[in-house]
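Going by the order they are written in, the chains are A, B, C, D, E and F; count residues from 1 in each one.
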């Protein structure tokens, strides 16, 4: 039994509240247990300089935490005058993952800005951000699709993310909360599509190593978790869900 | 009649939701019309270097907006690598205002960190931040007071803030929304105590000037608005409200 | 009696030396008691990007202190790598105040850069900067007006600034020096036009509050001080003074 | 056949030149094909603040490229005034990987600084850095071990890294050079120990996804490559190799 | 004949006004022709970390220009967020030069902060800064010497600086103004002591070279100029001049 | 006798290895005793904004040290977020020196980027950088000259640099190593052309001064050293050497 009573292969309760803030083209508040992230997707009608004139779009992500999203207050990155390495890793990961399931050609010369702002953190903020950002992006894309700005619906597949890892020496568990994460010897973030293919796999031994067999168990558990998360996404998106993969 | 149907001297609907996020000692979500701010108060058991050993506490405030809190997406200050002048002005204002109604001696050698994060903006974010931050601070102070860490309750008075200004050439209005604010010729932020004294007054002609008589009308209207805001604060605080001023 | 022997409503001696440095289109050395500021106004024949093509001009101000303008040496902001919040507040204030009395349309698509460099500080540096910058600006504007670059003289009114505040608990005094300022419970900066209208009002209780009646006394005293300051400006400008408000 | 004539599962030629520069406690020049990295290991007799007094050591890594290590000249990060996200990711990865095979307790309160400076780049710079840094670290650790500063030899296992990925749609290949890497749809970095356990696994679909079966092929190929790389490390280390894992 | 009518070996008029600003322990306004620099010397009763506990003092210099000290307005270094290479070169030069004529042991564990702020520039700002800073430093040192804080007077020799260079192809001239400097093919800054020894010599061909014979002519001319400058320093210092070299 | 057994007027062994790295148009590894610098020259087919449209080229230099090029590890400038004053001085010096012997008109509208990266330091890194950079530049220029991109060969003269100084009170020595440099009372860097003219002369008394006679001895010794260095450059360049000065 885990500290919060879950089974090893059990996700925390997941909720996705659509249209959480009024200005972005798409936005959600996702909660995965006590982890809560505001994800917004903004459409900008131009692309970064390196892509101009190629008829392709781009997706860029930024990630941040409120200072008191965590148990101890963190200094704001704006006060520090720079973005930390951890933040950069996470925002590069979010952008890369979303780009893997979008036809940038079908998107046309526009940028989708994804903002993931963690308002409360209890482990798994990067995977919750990806799962939530996918829905915010779908809402924003649907908005411009409804306005007839896109020839086809450019999102090719569903996408969600979760973590699995090893705690207490050898217990493989799904969706680690902060308490578990801080004690885990191995932590793997898995990002998969609705069709069960990998988009990104990041497994790290924290002053530890892991075997080939442990890897297989972790991947199996993550696969099931992602199927459930995509179910929650589909429910949140309602009939928009049916447009995905029909581009 | 104003664009949203209000009378000149009418505030927008105000709501304060207590304990909005789990980690801070005190937190609220305040909404003033469509302006929404998460205000949190964190207690740190030490003071900045310039105050050490004097037996006094300190209150420090930070303010930020989510990139898409606004109609147009803003670049994050962490990405820019620096805090803008506007942000600095606002966070200095919030801190100064709160310090005016707290006995820093009674607070003892600890710092209250106030974080005001605007998740949705429609004008008046700085005054909403102050009104919300006061409640978050009272919750946090009450927490440590209940834990017997304070000799007396150090908050001396209620404190709230609103704006009033001149639109359409000569119409004095209370609590300007973004649309009104962007067209106002004069904008005044007023911060007052529960006993009707001024803590801060900042009136600015935007490429315009204002007369002594207009100033009097603005101040009168602000006074009434602040009385209403303090009513909402009292309701949110419940019985904690009765501790204020009894230090 | 005040520490330097002045009456409560008495300004310090004010001098404005024209054309203090040779390169700027307009420059002065203003001294208000021991506070000395070099104010220069530079004309640039273009406007910031957000104004291009609108036929309007802009006024931008920067403020700085020499490291040893003060009793204790300050670290240069260039060494710190950033401008402090206090500096930003002041330079935004100076720019906003000057823009209130200039017809930006009549100025045409050019920028006036105001530089206020405090070489010796004894309180009231921001108000002395505004009073001096107005004269430097008038000299610079007059230069291009004499060169027939402007259709009309774009400065609409005189503008000056001073402070008034409360010391020793309840004594309202005009034009606080550093010693008084550091002990004041209330400090108000007032910026007014030659016709007695307000451009900006910034009153702050320093861990204190002030009443409506005290506000009235402060404003009355400031009004008189500003009338005197405008007298000194007129004398410094000589016949250029007569062009102001005749645009 | 690959562009440089290698078989799919063939590494590029690997050379490790010991004691390449004179000042560091340990240093190598590693070349993996045309990729060349100077790796140095410096011993500092203290630990970062967060570890003080715990009797444990630390390993910290930094990574950089000469501006013209690449086909196109890159702007120096020192000129930009900040370290890029890519660099941060890589240096965090190197440090984490090395820490996984060292007993930080046996190292004692000292820090090993790893510097990986790429002087010529042709793909795989991060994995070459790890493989080379391991040898530099072993040399440095051996130096202080020989000076009797360590109770036991603190390196627990060999560690090396390589990449494998998918090119031309479905060809799985080992040790991608720059040309292959820039065209790969999937790129996986694998860091393993001498005993065949994973330390870190980072697989990324570049606007693409990969299946479970492809993952297995990639991992198998990487495993063989790492065995070869450890052979080269053992040869470079000579008799020091025999101390590893005997702590 | 030169553009301003001087002979080749003629300095511009030099004036040194003592005690120009009130707060520093020593200050001057030096003017060399139209170049005007406020030099101040501040005494701090401690030394930088690298010197602590060695019983020696330190001299540190900073240099800056007002934005409109020049024909074209310069962007402030505080706005840029960094100090330029030119500024760093100059302030390192000033500090090094002054340290060459002071017994840091006799100064004791204190730092002299030199601030050179150019308020008007017409060539030769770095040499004027050194010549003026020497006097400001002597005033500050004399102040603490008069207060009996120093065992002996620590300034060992007079020190002044000037430039000489080659214009119009082959004319060697002394003390170049801005117009000459911008056209010179060779520019040499010479810093010498009262006894005619070199402290620093910096000669630069600007996309040009110079011969051994030209060097001798330049040095001879600089020598004479420095003798005159030291005469002006002696006059400014009055009887303090007689303490120098008597430590 | 000197610490490494050299005579006073003896250079350390100098080697220049051509084409050290594969990507730059020109590159060398220069070693002067234990000082080793990778110098590369990159051709960019455009010039900085201030030169555009003038038909002239530019040469820009950057200089850096690996963190452990020195006895004590240095913090990277990229980690500090800024380039130090020492680095700026050196890179400005290198660029200026090279520009003195190149016809920027004959180079045409292109920039030569010089990168000097010190991989091992034992004194004299800036002069070794210049001597090596000259060869790298000649290789790069020869490359585009061979490709018929240049009308004439734009390098007008050979250029090399060395240091000479005073140690042990009065011993004048050539080419100081780190040990000597750290104890020298006077250090002079001399940059000369193949025809024996000066390009730059930088002599500094380190808390010391030097006489006119000492200067002459230093310059004579430097002259001989530079002749030898140019001999090594000629050998490294082979037949390219004969193109220099024939433009």
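Here is the rule we go by: a residue touches a chain if its C-beta (ideal position, glycine included) is under 8 Å from a C-beta of that chain, and two chains touch if they have at least 3 such contacts.
Remember, predicted model here, so these are calculated numbers, not experimental data.
Fewest steps needed to get from chain B to chain D, stepping only to touching chains, is 2. When chain centres are set by their Cα atoms, the one at the greatest distance from chain C is D. Separating the CA-averaged centres of chain A and chain D is a span of 28 Å. Computed from the mean C-alpha positions, the centre of chain C lies at a distance of 52 Å from the centre of chain F.
In whole angstrom, the spacing between the mean C-alpha positions of chain B and chain F is 60. Each of residues 81-83 in chain E touches at least two other chains. Taken in ring order from chain D, whose neighbour in the chosen direction is chain F, the chains follow as D, F, E, C, B, A.
On the chain F side of its complex with chain E, the touching residues are 82-86, 88-89, 91-92, 96, 99-101, 104, 157, 188, 193, 196-212, 215, 219.
Contacts from chain D toward chain F in the complex involve residues 21-24, 27, 34, 36, 38, 40, 42, 44, 62, 64, 66-71, 73, 76-83, 87, 113, 115, 117, 119-121.
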